[in-house]
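Every chain is named by a letter (A, B, C, D, E and F) in the order it is written, and numbering of its residues begins at 1.
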Amino acid sequence: MWTGIIIAVAVLLGLAAVFGALLGFAAERFKVEGNPLVDQIDALLPQTQCGQCGFPGCRPYAEAINNGEAINKCPPGGEATINALADLLDVEPQPLDAEHGAAQAKRVAVIREDECIGCTKCIQACPVDAILGAAKHMHTVIESECTGCDLCVEPCPVDCIDIIVIEPDIRSWTWAPPVVLDKAPNEVPSATDARVIATDSQAETREASLL
Amino acid sequence: MALVQQSSPHAHRARPTSRVMLWVIIAAVPGLLAQTVFFGWGNLINVVWCIALALATEAAILKWRSKPVGFFLKDNTAAVTGLLLGLSLPQFAPWWVSAVAVFSAIVVAKQLYGGLGSNPFNPAMVGYALVLISFPLAMTTNWAAPVGLWQDAPGFGETLSAIASGQQTAVDGWTMATPLDEYKHKVGSHTAAEITIHPTFGNFVARGWEWVNAAFLAGGLVLLALRIISWHIPVGFLGGLVAMSLLFGTNADQYAPLSLHLLAGGTMLGAFFIATDPVSAATSHQGKLIYAVGIGALVYLIRSWGNYPDAVAFSVLLMNFAVPFIDYYTPPRTYGHHKARRGLPTRKQD
Amino acid sequence: MATKTSREIIRDGLWSNNPALVQVLGLCPLLAVTSTVVNALGLGLATLLVLMGSNLAVSLIRNFVNESVRLPAFVMIIASFVTCAELLMQAYTYELYQILGIFIPLIVTNCAILGRADAFASRNPPGLALLDGAMMGLGFLAVLVVLGAMRELIGQGTLFADMHLLLGPVAAEWTLRPFADYPNMLFMMLPPGAFMGLGLLIALKNVIDSRIEEKRKAAQVETVSAGSKRVRVTGSLS
Amino acid sequence: MTQLWNFGGGVHPPENKSQSNSRPIRPAGLPAKLILPLQQHIGEPARCIVEPGQKVLKGEVIAQVGNGMGVPVHAPTSGIVERISLEPVPHPSGMSDTCVVLIPDGEERWCELVPQPEYRKLERDQVLALIRQAGIVGLGGAGFPTNIKLRPSVDRKVDTLILNGAECEPYITADDMTMREKADQVMAGLRIMAWLLRPARVVIGIEENKPEAIAALRQAAEGSKTEIAVIPTIYPSGGEKQLIQILTGQEVPSGGIPADIGVMCQNIGTAVAVADAILQGKPLISRVMTATGEALAEPGNFEVLVGTPTSHLLTCAGVDKQRMSRLVLGGPMMGYTLPNTDIPLIKPSNCVIAASASELPAPAPEQPCIRCGQCAEACPMELLPQQLFWHAKATEFEKAEHLNLFDCIECGACSYVCPSSIPLVQYYRFAKGEIRLQRAEQQKSDRARVRFEARQQRLDREQQEKDQRRKDRALAAAKAQEQKTADAQTRAQDGTVTDERAGKSALVEQALARKKAKTAAASAERTEPSTQLSEEAAPSETFAPENADKTPAAETAPSVEELEQQLTQAQAKLEKMQSMLEDARSGQAPNVDKLERAVDKNIERVRRAQRAIDDAQQQAVPANRNAEPALSRSND
Amino acid sequence: MATMAQSISRSAIGLGLFAVITGGTIALTQAVTKERIAEQAARAEAAALFEIIPESAHSNDMLNDTISLPDAAVLNSGEAPSAWVARQQSDLVGFIIPVTATDGYSGDINLLVGITPSGELLGVRVTGHHETPGLGDRIETRKSDWVYQFNGHSLANTPGKQWNVKKNGGEFDQFTGATITPRAVVKAVHKTLVYVRKHQAEIRQSLGLPVERGNRKQRNAVASHFSEPEH
Amino acid sequence: MTEYLLILVSTILVNNFVLVQFLGLCPFMGVSGKLETAMGMSLATTFVLTLSSVCSYLAYTYLLEPLNLAFLKTITFILVIAVVVQFTEMVVRKTSPLLYRVLGIFLPLITTNCAVLGVALLNLNRNNNFVESLLYGFGAALGFSLVLIFFAAMRERIAVSDVPVAFRGAAIGMVTAGLMALAFLGFTGLVSV
């Protein structure tokens, strides 16, 4: 009986030692560092740099996600970003974490120029250098570069910065998706939904001043 | 006065889904009639029972999912599913076999996936396959013998009570092995001549079955003419079957002859009514051909070497399974492109 | 990782992180051997024992393994437990062992076990690890048995048939036949029935969870305040 | 006989053309006012060059080309500019855009016109400039500036010029009637375009359901090399890409334009407009439009001034308001509904359908797609409409794009045949819009990332430099200190022992003074003294979030602390403002009043913050969170 | 390179250590349970045999009392099949032959056929098959009593034509819906009986019986063929 | 030759590892959310499964059997598999980042894929020789890949359907797998092995 056991142990020991050595060799020989995933995650974040996620900027959050942080903490990105991240990381999308703020419409900062005292505080606060101006001179926001992060609002001593929602105009307008009537009647979204322009499924009618 | 606001187009061709489905039902009538003429009342009773049950089940499940019941019932698709089950189940299948089939077709195969349009598998065939493997006894012994071979032919009332009695097997003498079954079990040990002595083969190909198949073929041609189905699927299906048959030889002592493959069992019903189920079939022309040829080949394969004498249900399900994949790789070539873009969009990598 | 309380471990294993219903792991034995209660119970018990043993062992040695051989080491521990279980079953419930076939040795690759070893036992003290193993094992066992009962009942119209294979002659008479004259629904005994049965169980759990969640929501008022976790990325006020 | 090819797909909707093509083209006359949108074309809006109250002549330019691609807008009649304002314009969104509103004076006084019947003697570029000055855009659909289209880039030679007389949409007969009645003008315009492009082949494609137009054009084209190709009646044979395929067998590459394969396609109406512009010098101020539909007593074609309100045209055609349930601008396949009849008709508008409820009934509600493939059969672009639909509906835009969503020409053939009456085209439009938005956002966020990283680098660099400077200075100071200590020591050694203590305190005092001076000097580098603190704190804070927020404890921490922090911040702000104000006052700076206002505001803010703290302290600890919104409101 | 060597040795030793512990555990368990397992396996194997010839009906160690059969290809039961012999004291009770029916509905059906020395069936059992559950599986005793009807039949009391299912004009019941499976079993059993009659002489010889009844010399069983079945 | 072909047909279709034999289900359910990943997983599994089938065969035939250590087979096989997997992962990671992106992340999952150990054990049960072991492993992997890829494509479609909430995710996946298994029952009897 004991010889059997000893043979068994010896064989297994031999195998294990060989395999262990192999793995030890490989661990050393094929060592790699770095992770390209962070870049991919970062590319999906909106780069608003607003810190609402609880991280100082998008990249730190990207790194945190790579280390297992939840993906639902970026309000500016909203659902679209969460879905994109979920897709990339192959996890279930979660609803936006309300503790970090709610998803908002696209916004920009506007400086009320006659009130601006030229203190340059906002310039220092803007993470993307979207504010132009020199000391003691009126400042302006470059609208196309502003991410709407509202970090400049707080530091302004005279509160002359407004964050305004970008209203769609005729040139930025896009079609809304049709409304589908396959829910029970009480679940049908109301036809007065602002995004609904016209649908085939629900002939929405508008008052018209005829002639 | 208010003006209607709507996105284009403002004109629509008037052939709604419900009408399409109605046409499918109408086109199946010749086949049903032929079945009734050649195999008695069984199919008719089954069809009525299955349709009623299908509608009731669909209504119940829609209610449970809090969907508008009337709106969806009116599309007639549940009726088509019930109809096709009724047409394909054995004539003397006990009522509960049909019920299980209808229930699994409507609930499991259709509504669990979101109802009309979303089901990846053909509901009727799911129901059929499920009862076939669940109740092999009831599903293999209840085929009616063709009219003329009945000893003591059952009338409508007797058929109805046989079905309603719920017995797993019908009265001996009313039933008979189907030609495919018979051939399958004797081929190899018997010669073709010996096999076809059996009365189920009749004088031509397969007594009764040949006419039923012809009737379904006729109905299918109507659907083709109405452009409710496109030619790719029936042609692919039958083409695949014929090609396999020619490939493996026409020696009737070894393999069932082509005529039997084409005119017995559910071949025509399958080719024109079942494989063509638009929801679970492939999308593009090329995809449809691949899908249908696959079904035809599998039918031959399983009929010749597998355990199941008629393989339409399994073949259809197997190819349904491949459909999403086929669809990814057979998009049509779009105007202005050199070749079709196959597969998935590659993720943008920067 | 914050250590979990035993309460959480119990709840996790049995319900909220159930290996079969939530993690959807260990599916092969789960589906393959659940055609009857007795098979399910047999494999479930074996898995439970192995899980407890391996969790305990891994937790004990958790500070001594080096990274490159971690996985093989864990796997070896599990494999040794499994082999012991296999040998014991062969010795004491031979018929059952034959029915369960290769799924006994395949406990080794039950992802749930290695998963627990790696995710929990290797980071927690032995006591908790043992508890976790027990709870995960019980959760798995429970699903196995429920699925087994469901399939046995629908598939062949019996419950607790052939229990003597596991529990000895006393159990030979335990078979229940709730329906007289039941036409066996073979589908349930075959692979498709296994998949669908589990699908049904998972859906059932979802339904229950959402009910509980609704109740909880109704009882609880919203306390998070939007945006409370913001961090400044630039500048500061002074 | 011209060789014809087929294109895939296509549908045969009922034509409904006889209602409007049985009457000759009638003038629609002068409406009470004309509304002229500044943008009636693809490109940038034109720049308005008139003022309210200004009198303008017929044909006078009232808006010049803006800074992008575009064409001018002309006054369609003489009159007075009433206002320049946002008015609803013909657009699927039903939104408003800037328009010039013109009140006609009824005199119809033309400005001076310069006909160029001898255009062949001019440079090509001159002729193109005339076309542009005449405000001509494509009248067949998109409204693309014709002069740009007629000047293909050097590497693309146009071999085939196609005149699109297909008019495949039901109801519309504007081109049909134009061809019948103005065949000579059509040919004249075609000749001008042919002269500009020098194509090897000139074809006019006309659907076979317009025999009169075919006859008229055949007659007018007698003797020229122009081919009159009679093409089968199938929608959308008039689509540029389809027509090109029918007439040449070639396909316009995806994402490209017809010029890429040496083809150009122009509309009948465009040809007439070109002829008028060159031969008579008339700008594009009116066009032929079809007014049809069951709600009209006398449907037909009208010569309509650009900017005419729809109501005017409808009145001309004898509208029965009660019967009208839907007003479509364009054809029933591609047109869009108008919300009211005030909306003006513009250059690319070719048809108004005042439909009764039975004529264009509301479709059944959308049902699920049954993948029947009818749509794919109908699609002239050979797309997979149902797949596009599934992806668009599921907002899987990447996949929709992969299946060539952007090749869809929105012809509506798929929706037309769909048995489940799915508004497919709307889904595609939605998806296209979203994709464009996403692209724009992606671009913007990429830019933001670059800017953010650049800023971080800059800050780091500055910080390093500053650190370096400080180190240098510290080093220097230390050296000096050493020197001093050494000096002091030597002095102490030299001096009396009683002096030692005094010497030491003197040293300390000196050091303090130096430090003060240094701080002052450093802050002088910046605009204001206290900035330095924040500046120096910034980098460390940038990556170390306020620890109170990071630790779990912060979640439960009483918000009184936060409030206090807010208060100190507000106080700090206030102090700073006050000091700035004093500075400004002493310096007689111009922004004194601004600063006064700011100081007042900050005093108020401090008070509010104080109040909020008091409130918060009174309440129980859990309630503190609720105080927070009040505070953030106080920031307004 | 030092790290490499270190890494190698560390891993090797670490894994080796585990190997010793785990290997030891397994080997120990195996050593402890070995005998019981062998016994269990043997008993399981024997269960079917004992159903045909119960333990009360014989006294020898039937499992180890086997004879090899001549020319057994007809039985399709493996390369060198051997039959188990049951004896009560010195009387020969019967022997059990493993047989395979190849023409089942799907795949082979493995049978054990027990025969008395006089060629009468002691019993038939199915040990393995792939027939359709619910249809063909009624050849199992767990599912139906069908196989018991063979008991007592012999070539003598059942003429050749009767060795078929009733449907084909034979003696034996088929079951509803499945004729192929029972026919295959009946055929195989019949074939076995025919085989035994044909090879009577050899079998008697290897049983240690005189070709002419009389010589009852005991012979040691040929036990070596029996091997533990793979699981 | 036909014999080998039959092994392939049998393992790919008739006795499909996933749908009929219940092996490798965890990755089958877990990595089938996206077609792209499913393809990566298939490649990785095919490689490992074939390799470890052969390696285990060799280890058993030339080590365990001669030494009469059959009872060590489970632990030996799993050790072989773990090492093959881990070694492959390390090598791929280092040498081909591209390949690693496609397969790398799936490799660790394969250790706990029952199919891999299952193949090793079934090779013994079936007394497969070397070539048969190779083919058996390869066929099993092909069968696994086939259903995994089809299943992934199907799940992408299901993901956009209006599935009742309780069934979203794993539950409907199970039902679908069940229906697929139902379809695969059609192959029974095709090859009697």
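Definition applied: a residue touches a chain if its C-beta (ideal position, glycine included) is under 8 Å from a C-beta of that chain, and two chains touch if they have at least 3 such contacts.
Since we're looking at a predicted model, the values are computed, not measured.
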Least step count from chain A to chain D, where 1 means the two chains touch: 1
Most widely separated chain from chain D, with each centre as the mean of CA atoms: E
Between D-F and E-F, the pair joined by more C-beta contacts: E-F
Chain B-chain D separation of Cα centroids, rounded to whole Å: 53
Geometric centre distance via CA averages, chain F-chain A, whole Å: 37
Intercentroid distance (Cα basis), chain D paired with chain C, Å: 57
Numbers and ranges of chain F residues touching at least 2 other chains: 71-72, 75, 79, 83, 86, 125, 157, 162, 167, 169, 172, 175, 179, 182, 184-185, 188-189
Multi-chain contact residues (two or more partners), chain C: 68-69, 72, 76, 79-80, 83, 87, 184, 186-187, 190, 192, 196, 225, 228-235, 237
Residue numbers of chain E (touch at least two other chains): 7, 10-11, 14-15, 18-19, 22-23, 26-27, 30, 105-106, 134, 231
Interface residues, chain E side, partner chain C - complex: 7, 10-11, 14-15, 18-19, 21-23, 25-26, 29-30, 33, 36-37, 40-41, 43-44, 133-134, 231
List of chain F residues in touch with chain A within their complex: 33-34, 37, 59, 63-64, 67-69, 71-72, 75-76, 79-80, 83, 86-87, 90-91, 93-95, 97, 101, 162, 169
Complex contacts: residues of chain B adjacent to chain C: 96, 100, 108, 130, 133-138, 168
Chain E contact footprint on chain A (complex, rising order): 1, 4-5, 8-9, 11-13, 15-21, 23-25, 27-29
Residue numbers on chain C that touch chain B, as the complex places them: 183-188, 190, 192, 196
